[in-house]
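Quick one: structure below, then a few questions.
Chain naming follows the written order as A, B, C, D, E, F, G and H, and within any one chain the residues start at number 1.
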Amino acid sequence: MLIKTVMSGIGGQGILFSGLCMAWAAMYEGHFVTYLPSYGAEMRGGVTSCTIAISDEEIASPIPSAPDYLVLMDNLSLARLQSQCASGGEVFINTSIVSDRPIRGDIELVEIPVTDLAESSIGVRYANMIMLGAFIGRTHLVKASTIIGNMDKILGKEKARFKDKNIEAINIGLEYTSKET
Amino acid sequence: MLIKTVMSGIGGQGILFSGLCMAWAAMYEGHFVTYLPSYGAEMRGGVTSCTIAISDEEIASPIPSAPDYLVLMDNLSLARLQSQCASGGEVFINTSIVSDRPIRGDIELVEIPVTDLAESSIGVRYANMIMLGAFIGRTHLVKASTIIGNMDKILGKEKARFKDKNIEAINIGLEYTSKET
Amino acid sequence: MKKVFTKPKCLKDIPFHYCPGCGHSIIHRLVAEVIDELKISDCVIGIPPAGCAVLAYNYFDIDMCEAPHGRGCAVATGFKRAQPDKIIFTYQGDGDMAAIGTAETLHAANRGERITAVFVNNAVYGMTGGQMAPTTMIEQKTTTSPFGRRSEVEGYPLLITDLIATLKGPAYVARHSLATPAKILATKKSIKKAFEVQIKGLGFSLVEVLSPCPTNWKLSAVDAYKFLESKMEKEFPIGVLKDVTKRK
Amino acid sequence: MKKVFTKPKCLKDIPFHYCPGCGHSIIHRLVAEVIDELKISDCVIGIPPAGCAVLAYNYFDIDMCEAPHGRGCAVATGFKRAQPDKIIFTYQGDGDMAAIGTAETLHAANRGERITAVFVNNAVYGMTGGQMAPTTMIEQKTTTSPFGRRSEVEGYPLLITDLIATLKGPAYVARHSLATPAKILATKKSIKKAFEVQIKGLGFSLVEVLSPCPTNWKLSAVDAYKFLESKMEKEFPIGVLKDVTKRK
Amino acid sequence: MALRGRITINDNLCKSCELCISVCPEEAIRISDGINYKGYHPAEFIKDMCRGCALCSIVCPEIAIEVYRER
Amino acid sequence: MALRGRITINDNLCKSCELCISVCPEEAIRISDGINYKGYHPAEFIKDMCRGCALCSIVCPEIAIEVYRER
Amino acid sequence: MKDKVLMKGTDALAEAAIQAGCRCYFGYPITPQNELPEYMARRMAEVGGVFLQGESEIASINMVLGAAASGVRAMTSSSSPGISLKQEGISFLAAMELPALIVNIMRGGPGLGKIAPNQGDYYQATRGGGHGDYRTPVFAPASIQELYDITMYAFDVADIYRTPVMILGDGMMGQIVEPTICRKRQKIDLPPKDYILDGARKRPSRIIRSLILDTLEMEEHNWKLKRKYDLMRGKLPQHEEFMMADAKLIIVAYGTAARIAKGAVKRARREGLAVGLLRPITLWPFPTQAIQEIAKKVKHFLVFEMSTGQMIDDVLLALGGKAECEFYGRPGGVVPTPMEITRIVGRYWVQKEILG
Amino acid sequence: MKDKVLMKGTDALAEAAIQAGCRCYFGYPITPQNELPEYMARRMAEVGGVFLQGESEIASINMVLGAAASGVRAMTSSSSPGISLKQEGISFLAAMELPALIVNIMRGGPGLGKIAPNQGDYYQATRGGGHGDYRTPVFAPASIQELYDITMYAFDVADIYRTPVMILGDGMMGQIVEPTICRKRQKIDLPPKDYILDGARKRPSRIIRSLILDTLEMEEHNWKLKRKYDLMRGKLPQHEEFMMADAKLIIVAYGTAARIAKGAVKRARREGLAVGLLRPITLWPFPTQAIQEIAKKVKHFLVFEMSTGQMIDDVLLALGGKAECEFYGRPGGVVPTPMEITRIVGRYWVQKEILG
């Protein structure tokens, strides 16, 4: 089975890192995995996204065609990506920031106010990791413990100091979904 | 019939121009003709030469392979070119300057002291044209009158002032061969 | 009330794609205002660079022709020689003009090509993600000088404008900065002068503009403008370096 | 009697292919003498140009590596960065160094690459048959400036050495001439200095040598040397333009 | 008395760089709470203390500001 | 009295450029009538007025001249 | 498993180069390969190597020339327009027989084009975009692990044959992140570098040059290069075969296109179509023999490229008329889906009435 | 007869360009084509055109770009290494669909090589030595008259198809002097140049660019170029046939090599061997159809090139296995004699037991 997830947000929201964590975990759990950061124009700013493909066999195409999951941190991401989602797919939305809603009827909506959650706990910067926690808490694409257990490696030496906060954020997200669902 | 002539001398002796005159004449007389200046290294100085191929059909190769005639104005030219001459070919030598002689026995030698002739008449600069006169006087590859009659065109506007001297020089050469042979 | 400031006519009604606070859009506006004021929008041809301003042709409502990275001055030479009555300008970043395009720039200047170069110096390669530029300052960190530029390894910032000013071909050479509104207005005056010098056929003209790249400097826009004044203007002193109209 | 002048050791016993009176062979000899005197023939690497001196490697008995036309300073940079303990020099004509190689030359100089450039300025493209060079003088006729160089069309001669001297990276920059025996000796001293500056690791060094091309100037050798003094030295003033060892 | 003026800020063009704010001598501009379609909090004109000096429009990279002045 | 000297000129290297002649303070060099293999009339050393100043060798592009000096 | 790390293509390539002993990197920024020099800027400092951003692509390739002539493993990288600028330098490297690695992370072309993945530089890479009669080995990996391994191998090939080599990745190969094992270098026997210039100490002086004025010497040099290329043609070709045993139709594709084709093969198989994939790993020398072998049994080929068709020439040359061959291309930065390719396969299947 | 003049290749080309209305020449010296810019330096002054020696080949090709975008007929010329440097610029011209003439008087390669005649740049010229999916029409004349005529025609082709075109001459074509009639330009209907930039007076402003960020637009641009190339493939191919009617063996050769081959054909005929010559005049588009027609009757082909073999690919592609094809090459500046080629033909004849 090949499962594709696209995560998207405004540059600086850290969503690329969330995607990367999931990719590392998938690798550690023995899956085939590809991670592809979006390939914008050469200019800066605006929306950045990444595609994580997880599969039990070699992955043909790492591109974001018909993703099964969308994780959207802002309005522009929603506008751009909603049409691409596979029919029957799930769309995770950061309701703290995303005011619009998908117009498609054939996809499932998961609403999580991650920025609010972050603001009221460990700080807005970690909204992306709360989203990650919430996302895997619901989809079980990878185990949270795999991410948490390998956070050292994922972060590398330079960013080691963010380890605890990241883990905390994931847990907040996990908790949120376990409550909600 | 394809006839190839190679004319060679030290840069500045004007031998390239002699060759060119012959090529023009051949053209005016309705032959196929190619003229190829030598293709030295990128540095200046030293020997320059040209190959004139005259034929009654399209000329395949303009290169100096097995020329029927060699016209040599200096020692170095002789050293370089004598081995290339076709067997049975004729070698014209400016004996005023060329002290060596061909070592091959299968070629005919024509000795003309053109520099001396020039010095004692219209000036050393015209040795090349005297050689041309002598050469066509003997080989009849083209008619002297064709060259003389078209000297204007061959010289072009810029060099028109050399017309008379050039014609005089050709005549000196012609005369020399008519006397000799 | 009277409208005292609005968009120049020769800019199209298209929002800029530049990052927040980027100097490119300001310089676009200045150039556009100059074109409007000189009434040359129907005989001007612009050559945008490969660089963040590669899409400049989307904004200007004038004829524009892309050039390969660094070759703006050569392309402009081709235009000007073919159409001496047209006004030709290039718009180039520091990488474009002072690295890959060094030879084309210097030689066009030296030939005194009657073209105008608007040279946007933001001390980094913006478009490609903040690599070291020839104008990157000592100790400035970029993605390809992660330890800061070291004079012993990468050399000192190259002041190509100063080199150009020493040549005989250029007629007008100046360096300006966007650090304050007053300096922005001075920049515009200078760009206008550069175009006028071309119109008069006096020779090559160039205006270097010190311009912020908040994104790659990793500063807020406001701080980036402060950095312009506090750091860049120290390394790249502003002023008119050459003006043949003054000598007569 | 004592032999007081003979061929330098690091030149091979091969006659030069240069035209009668050409300055290249003199400069070859000077460079060879300097290499002998500094005893560096076993750690020096030379980069000959594409130009009349392309075959320099046939004469020098040292390691030498051809470079594409104009790229001598880039090739030299590769050598020096890979082998910082070796002495690297380029030998370049004016076309090579100041036209196609402008960017490579200026940037190597600006980086302060610890290399030495011997820059032979003969005001024409020798090897290709006497075309206009960046250093061709106003009114000088060449095969591609048949009416004489015109400042309005081809611009003024480019004094790249002067440009280089304004940069921070170079440690020693000088211009000399072969016009007289005394000037030839001064040239040699300067070349030696340039190598010494490299050996000490002080930065980029360059010696421009005004050199005759009798063939393409269409002058006798003797007149060509006179032309050096009467014309070229006027346009290209000789002297040391920069010397960091003097400042300390 | 200073000339009285007024500015308009085009919400959709503004990228919230705050340059206008940094140069306004009258502190007549601030960042709004709202969010525009590009995700920025656009600047807004607050009081009519505006002199019409146009400094804000000179620095605004997005040409988002138009300036009106009395007389 | 000037130092006495002597030069040798390698016929086969000489390209007849006459630079040595132009710098020799003693007029001790001239072009010979002979012709060398390259077709040049090589320079020749004429008298023993040579000072051994080596100016000729300094200018000779072909390194055709060797200079000897007394003491 | 535990020694696997997630690596971006550009980083994997750079790390593999470092592991292979590359100690000189010279390059000029261009998207989509900027992460490669950026990685090198940090990493060379750690291993005591040289990272220098050249003032241009031309300066960079010529710095590589100097470093390669010094005997150091050296490389440069760029993307399409930048690679065009390096053609003179590559021709010189080939003529001088200097080993070096040139990386082209292709973008859309011609001109400035587009930074999306594209395979439009196949001709340039495999036919010698520079002047003169030369070839460079060209590797086209299709996964990050392969990119890593091939980079190390490429340096050996460069040294063994004294030749510039090229890695040709479409933009996707530069940007994608995949699990990778960063193997250490396996030392193999390499010919001594007896040509390098390091000062003529206790040996005769040497020259490295490409100008050869004597015609016969020049001709011999050309034939010598040709013999070397023929040797490589015998030894270097590599390809991957996928589900070819019983295939009635073979897709030929490389790089990203081959990954997609592989997905398409799997889909087609599910639909009962006996399709296989041949993926050239070396583009030059091309796996001509492999194709000729297969063409003895299989009569239908489909070449899929992310261009308007370039490698198709090499497939046709290999087939020599012995099988039918169709082309499908998506230029301009479009990365089609496996489903799309499956549809094309299906159509071809029906048109040609291939028997399932 | 009387309007014939003797002209050197480079001069004939330059004069033809002038007659064709070329008014902008930009170039950088390089042997063996220096007489061309030198001629232009004098001649452009007479006709009021622009001659400018660029500071490099790169500057020159980009000046051509500016002049071409101005609507003026523009050209540059160089030789092998210089042409390598122009590859980026040529790719831009192709992408922007700007007409221009690029002349390559080939010398020996790779590297600095040798200034003698050589045909080693065939791949570069015909396969797009620059990056991206593009082609340029390539003409390879074999006499000075043809060189003259083709130069004039090349400018028309450039304008009709809005494309850079190339004249590919080996060094011999540049240096040889032959009788030539300097024909005047025949005005033909050319499409209006409605793309040029000359100031947006009384019309909307225009842009010329090659960067296309939208993927589908970029793909469409690539297909549009491809359609144009296909159109040219249909219309442009030219070749000369010599003694082919009853030939049992066809030599394929172009430029100088073809002249020599023609001599060889005559010699072989005298020896009773039924040999013919097919001389491609356009190298791209290649006269594929002509070869395919002939291959219906003739089963033996011999490709002769002054290189180690490049055009052979196009002949093989055309033949598609329908006839046998051998190669004979002399790289490195060697110009063989017709006799030598006759010998090769003779050997082949015997080996393959071709029936006289």
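The rule is simple: a contact is a pair of C-beta atoms (placed from the backbone, for glycine too) under 8 Å apart; a residue touches a chain by one contact, two chains touch by 3 or more.
Computed from a prediction, not measured in an experiment: that's the story for all the values here.
Novice: Would you mind checking the shortest number of contact hops between chain B and chain H?
Specialist: 1
Novice: Does B-F or D-F have more contacting C-beta pairs?
Specialist: D-F
Novice: Using mean CA coordinates as chain centres, what's the gap between chain D and chain G in Å?
Specialist: About 40 Å separates the centre of chain D from that of chain G.
Novice: Indicate the whole-number Å distance between the mean C-alpha point of chain C and the mean C-alpha point of chain F.
Specialist: The answer is 60 Å.
Novice: Compute the distance, rounded to whole Å, between the mean C-alpha positions of chain A and chain G.
Specialist: Chain centres of chain A and chain G, defined by C-alpha means, are spaced 34 Å apart.
Novice: If I count partner chains per residue in chain G, which residues reach a count of at least 2?
Specialist: 31, 52, 55-56, 58, 81, 88, 92, 96, 111-112, 116, 209-211, 213
Novice: Residues touching two or more other chains, restricted to chain E: which are they?
Specialist: Not one residue of chain E touches more than one other chain, so the list is empty.
Novice: Enumerate the residues of chain D that touch no fewer than two other chains.
Specialist: 18-20, 50, 54, 66, 68, 99-100, 102-103, 107, 127-129, 134, 153-154
Novice: Applying the document's contact rule, which stretches of chain G touch chain A when the two form their complex?
Specialist: Chain G reaches chain A through residues 1, 4-6, 31-32, 115-117, 171-172, 175-179, 256, 259-264, 266, 335, 337-338.
Novice: Which stretch or stretches of chain E touch chain C in the complex?
Specialist: Against chain C, the touching part of chain E is residues 5-6, 12-13, 15-19, 21-23, 40, 52, 54-55, 57-59, 61-63, 65-71.
Novice: Inside the complex, what are the residues of chain D that reach chain G?
Specialist: 41-45, 47, 50, 54-55, 57, 60-68, 71, 74-83, 86-87, 103-104, 107
Novice: Give the list of chain H residues in touch with chain G in this complex.
Specialist: Checking each residue of chain H against chain G gives 58, 80-81, 83-85, 87-88, 91-92, 94-96, 106, 108-114, 116, 118, 120-121, 123-124, 127-134, 209-213, 215-223, 225-226, 307-308, 310, 313, 316-317, 319-322, 330-334.
Novice: What part of chain A is in contact with chain E in the complex they form?
Specialist: Touching chain E: residues 10, 46, 74-76, 97 of chain A.
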